[in-house]
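One chain, chain A, links the two complexes that follow: it is found with chain B in the first and with chain C in the second.
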Partner chain A sequence: MNAPVLECQSLTRWYGQVIGVSTVDCQVGPGVTGLLGLNGAGKSTLFKLMAGQLRPSLGRVLLLGHDLSHHRGLFRWIGFCPEPDALYESMTGREMLVYLLRLQGFDAPESERRAQLALDRTHLADAADRPVAGYSKGMRQKIKLAQALAHDPKVLFLDEPFNGMDPVSRYESMELIRALGREGKTVMVSSHILHEVEEMTSIILLIQNGQILAEGNIREIRDLVERHPHQVRIECEDARRLAVDLLPMEEVLGVKVEAPLRLVVETDRPRRFFGRLPHALLSSGVKVRGFQTLDDDLKSLFEYLVEDAG
Partner chain B sequence: MKESGHDRHFGPVSQPPGLVPFGQVYRLVFAASVKDLIRRRRLVFIGLVCILPLLVTAMWRAFGGEHLSAEMFFSNLVSLLYLQLLIYIVALAFGVPTVHDEVEGRTITYLFTRPVSRVAVYAGRLTAVQLLAGSLLALSLVVCFGLMVIGNPGVLDLEFIRVYVNHVLIILFSTIVLTGLFSILGVAFQRPLVWGIVYAFGWEGVVAKVPGRLQTWTLDFHIRNLIMGEEDVQKGLLDTFRHLLTDQAEVSAWVSFAVLTVALVVFVYVGGVLFSRKEYVIN
Partner chain C sequence: MPIHDQGYRHWDGEIRQHPLRWWPIAQRGVMAVLPQRKVILLIVLAWLGPLVKGVTLYGKLRATDLLTQVLGDKGAEVGAKFFWGAIDQQGFIVLLFVVLVGSNLIAADRRFKALQLYFSKPLTPLDYILGKLGIVGTFLVLTVWMPVMLLWIFGLMIEPTAEFFGAVWFVPFSLTLYTLLLIAVAGLLILALSAVGQKGVFIAGAWIILFGYGPFQLVILLLRELSGQAFWSLLSVERDLEHVGAWFFGNATDPELHPVASLAVLLVVVAACYAVLRRRIRPVEVVL
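== the complex of A and B ==
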C-alpha cells in the first residue's frame, strides 16, 4: 500500500449504549478503497467519522498527519458524498454546486468553471439548470457525487454512491471513480454489494458490527469464499432428471431435490461450475426457468471470515 | 485569488489550510438563505396571517372611524394584534427553522463538511430569517398605514406619524429579538416548535400578566413597556382593563430597551456557540 493519506487510530463511536464503531485502526493510501459491510455494519458511521461529520468518542482521524477534529480547514481536502437523499431542492444543480464551491473559498468565476467541470464529469451538464427537486434518483446521486469532487479534494468519501442509479449511470460513475483513483486521489467507496466494489478496486476494508473484520486484496477474500461450498438453487421443469445429470460433474459435491421443479446444487468451485453449467444443461435437455445463488453474497462472506477467524 | 489553501500537487503538507473568511461565508449563507426562504410556502402562509390587521383596519375605516381616533385605533391594533399575536407567530415561523430547515432537510451535511466557521453559517441564516420576518411585518404595517390615511387626510398629523413610526420600530425590534430566541430552540431541540409555542403562549402569555416583579422576567413586559413609556397606550381597551386589575412593575422604557438589546446579543451569542458545538446525527 502507498503511504497513508488517511489514518484512523483506535477510532470509536458510541450512540448512548450502542456501539457504532469500535477501536478501528486502519490506514488508507491513494487509489480506490472499498468499504464493504452489511446494512447496519457501521459503514456510514465510519465514513462520518472519517469525513469529520461526527466526533469520535475515542481515538482520532489523521488526514496527511493532521488531526481532523482540530483543523476544520482540512475540509478543503475532503469531498463527501453522503448516503441520505438530501439536496437543496429549490436550487438548480449548477446553483447548488456554485454555492458549495464558494463555501470552499473559490471566487465566483472559478466556482462557475469548476461547477461546469464537475457537471461534465458526472454527465449532468444537460440538466444543470433545472431545479434538483425535479431530478431522477440517479441524477440526484450524480449531483451529490459532483459536489464531492468539484473542489478537487485529495480524499473522497462516497457513501453508497450507486444507490438508485440505472445501469448506464452506474457504469459511468464507476468509470469516474476509477479515473479519480488513477489521478492519485484517495477514494473510499462504501457498499454492501461485493461485485460492485470489485469492479472499481482490489483493495477493500470489511466492516462488521462496527469493527474492521479484514482488510487487503479482494482476491484473497474471493479465494476464501471459494474454499467454502456454494449452493445454487435451480428452478427447472424436471428436478430429478437434472439432478441425475449434474451429479457426475466433478465440481458438484451434492444435489438436493427440494420439489419436483426445484433443486439445490452444492459446489466447491463455483466459477468452474458456472462455466460448465450451460453445456451440462444443453446435454441434459431439461428446460431451466431460473437460478439463485444462495450464499455468494456478502453475508456468507462475513460468516466464512468469522468461521475462519474462529 | 482563485483558490486558497489548495495545493495542486498531491503529497504531505506541513501546514493544514485555514478556514474560508468569516465575512465571505456569512454573505454567501445569507444570500442563499434569503432566496430559499422566499421560495418556501411558509412565506405565503405567514403572509396570509399578516393580512389579519389589514382586515381589522378596513373594518375600522368602514364602521368605527368616527368613534375611535386613528391614533387610538392604531395603538390598540398594535397592542392587541401585533404584540399579542403576530410578532410571536412570525418569529416562531421564521426563527425556529433558522437551522432546523437544514437539519430536517439533512443538507446540514454539506455545510458541516466545508472549511467554514459554523458561527458564520448561523449568523448568515439568522440575519436572513430576521430580515424576512421583519419585512413581512413591515409590509403589513405599511399597508395598514395606507388603509388608514388614503382618502382620510385628516388623520395625518405629526403626532400620529410619530406614534406610527415609534410603534413600527418597536414591533420590528421585538420581532428581531424574538426570532433570535426561537432560533436557539431550533438549534437545541428536536421539536423546537413545541417548545417555542410553550414559551410564547405559556411563559410569555401568562407570566407577563402576573402582578408584581415576576413579569419583568418576560420579553413581553419589556416590549409593552417600550410602547407604554413612549405612548399613552393605557387608553387602549385591553391595557386599561389590565391596569385596573394588576399591579404594574415600574421600569423605565430605556431600561426595557437595554434589556431587550442585551437579550438579543445573548441570544445571538448562545445560538452561535450552541450551533458551533452541536453534533447532528443525520441518518
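== the complex of A and C ==
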C-alpha cells in the first residue's frame, strides 16, 4: 500500500490545562480534502499542527514520510495560506510574493517569474503593482493564496481561504483549488461551511472537541444527514393556508406557523419533499417569497453524527 | 484531459538548510529603510565625525608645523588610540541608528502576523534572527566600521612608513571584532525588546535605558561614587562596550575593572537576548 502524503500519528496539543487537539490519527492523500469543524472545534489548531506552525505536545506529523518537526527543509514543499491577514501593507502584491519566494531560496529572476505565474493564476496580475494596503478583502485572500502556491509546493494548507471573497473571486478560487487537486497536489482546505467544501471535494475530515469525528466521502455524510428530519422555513403570503395544504403530504411530519407570513415544515424525506413541493405550491395557489433550510448546516451535521455515535 | 499521478511520490530531495537563508530578510529590510530621508540624513551626519577625524589625521601626520601654530599642539602621535577615538565619537549616532532601524523590526512582524508566513517557509528562528540582525548590523557597519576602516587606509596612504604601520597594523582586526560585538549586543538587545514590545517608541525608550544611556548612566556613576565599588559600572552595557572596545585597541578606560569582566557581562546580555528571542519568535502566538 502506498504511504500517505500527510499522516498524523496520535497528534495532541494542550494549551496549559486545555486540550486543543486530542490523539488525532489520520492520513491524507493527493487531491483536495476538506477539514470541517465548528468554531472552537480544534480545526485551526489541527490545521496549524499539520502545517508545522505549532509543535505537538504529543504525537507527530509525517510529511512525505519524514517527521515535520525534525526537518525544517520539508517546508520547501508546504504552501500555507493563514486565516488572518498576515501581510505587509507597504509592499505591493508583487514585491511581497518576490520577497517570500526569495525566502524559499529562489534567486531574484526566478522569484520574479514565479511571482508573475502565481499572480496570473490567482487573477491578481492587474493589481500586482499596487500596495497591499489598498487591496479589498477578497484581493488580500487571493494574494495569500498566491504566496501559498507560488513556489509549487506538494502540500497546500488553506485556512478559510474564501472568507470575505465576492462570488466571482470565490468561484475563481474554487476552480483554482480544484485544479490544484487534479494536478496531484495534496490540498487541505479548512472551513466551517459545508457546501463550500462540497463544491471542491468529496473527501472530508470532520473535527469536533479536538477529535476527528468522521472522515471519508461527503456523500455518506449527506445520506446520514438526510435520515434525520429536516426543517424548511417558507416565507409566503398566507402561512396558515399553506400549512393546511402541505400537512397532508406523506413526507411532512409537521408544520409550525411562526408568523402570518412564515411557517416551518419538518420532513424526514427532504429530497422527495423538495421534488413534490412545486406541485403542492401550484395547487395551493399561495405565493412563496423564499425558502431556507434550517438544519442543513454543519451544526446539525455534527449533532446527527454525535447522535449516531451515541 | 491530462492524467496526473495521484499516488504517493516519495521525495528524495535535499532537506538540508540553505546556509544563507537569512540574507533576503536582511537585504529586504535594508532596502526598505535606506530610501527614508531621515536615514540618509543620519548617514551623512554619521560620516561628518570621521571626516573631521580624517582632516585631523592629515594634520597630525603631514601638517604638524601648521597644527602647532594654530592649536599649539605638539603634533601628538597617531596610534591605535586615535582610531578608537574615531569609533568612540560615533556613540550617539549608533544609538540613533539602532533605535530608528531596530525598534519595529520584529514588533511590526508580530503586528502584521507575518511570523506565520515566515515560518511556513524553510526558515529556522535562527535564520530569522540573523536576517533581522543583519539589518541593524548593516547600518552599524556603515557608520562605525566603514568610516574608521577608510580612515586607517587613508592614514597608511599618507604615511606609508613601517613605523606607522607597526603602530596601527592591528586596527582592522580590533575594529572588526568591536563592530561584531557592538552588533551582537546592541542589535540583539533591540531585537529582543522588539519581540516583547508593541510600540516602537517604548521599545526605543527601553533600549536606551537598558543600554545604559541617559539618566541610568548617571545613577550608575552615582552608585559607584557613593559606594566606592567599581563593579557598579558593569551594569551599564554602554560602559562595558566602551571598556572592552578600548581594550581591543590597547587602552584601558577603567583601571579598577578588568575588561574581561565587562566582556563577560556583554556575553551574558547576548545570551539573555537570544533566549528571549527564541522564546518569543514563533509562528503562532499561544495565549494561555
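Please note the rule applied: the second predicted complex is superposed on the first by the 306 of 310 C-alpha atoms of A that agree within 3 Å, B and C clash if a C-alpha of one lies under 4 Å from a C-alpha of the other, contacts with A are read in each partner's own complex, and residues count from 1 in each chain.
Everything below uses one rule, namely that a residue touches a chain if its C-beta (ideal position, glycine included) is under 8 Å from a C-beta of that chain, and two chains touch if they have at least 3 such contacts.
Remember, it's a predicted structure, so these values are computed and weren't measured experimentally.
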| item | value |
| --- | --- |
| Simultaneous placement of chain C and chain B on chain A, clash or fit | clash |
| First (chain B), second (chain C), both or neither touched by A:4 | second |
| Partner chain in contact with A:54 - chain B first, chain C second, else both or neither | both |
| Touched partner set for A:110, first chain B, second chain C, both or neither | first |
| Chain B versus chain C as contact partner of A:152, first or second or both or neither | first |
| Partner chain in contact with A:72 - chain B first, chain C second, else both or neither | both |
| Partner chain(s) touched by A:272 [first = chain B, second = chain C, both, neither] | neither |
| Partner chain(s) touched by A:130 [first = chain B, second = chain C, both, neither] | neither |
| Steric overlap of chain B with chain C in the superposed model, located at which of 56-64, 146-154, 164-172 or 236-244 | 164-172 |
| Shared chain A contacts, counted only where both chain B and chain C touch the same residue | 3, 15, 30, 51-54, 64-66, 71-78, 80, 82, 84, 86-90, 99-100, 102-105, 147, 154, 184 |
| Chain C to chain A touching residues, read off their complex | 4-8, 10-11, 13-18, 21, 24-25, 27-28, 32, 112-124, 283-284, 286, 288 |
| Complex contact set, residues of chain A against chain C | 2-5, 15-16, 29-31, 48, 51-54, 64-66, 71-80, 82, 84-90, 99-100, 102-105, 147-148, 154, 182-184 |
| Contact footprint of chain A on chain B as seen in their complex | 1-6, 10, 12-13, 16-20, 24-25, 28-29, 32, 35-36, 39-40, 105-107, 109-117, 279, 281-283 |
| Residues of chain A touching chain B in the complex | 3, 15, 30, 44, 51-55, 64-66, 71-78, 80, 82, 84, 86-91, 99-100, 102-107, 110, 147, 151-152, 154, 184 |
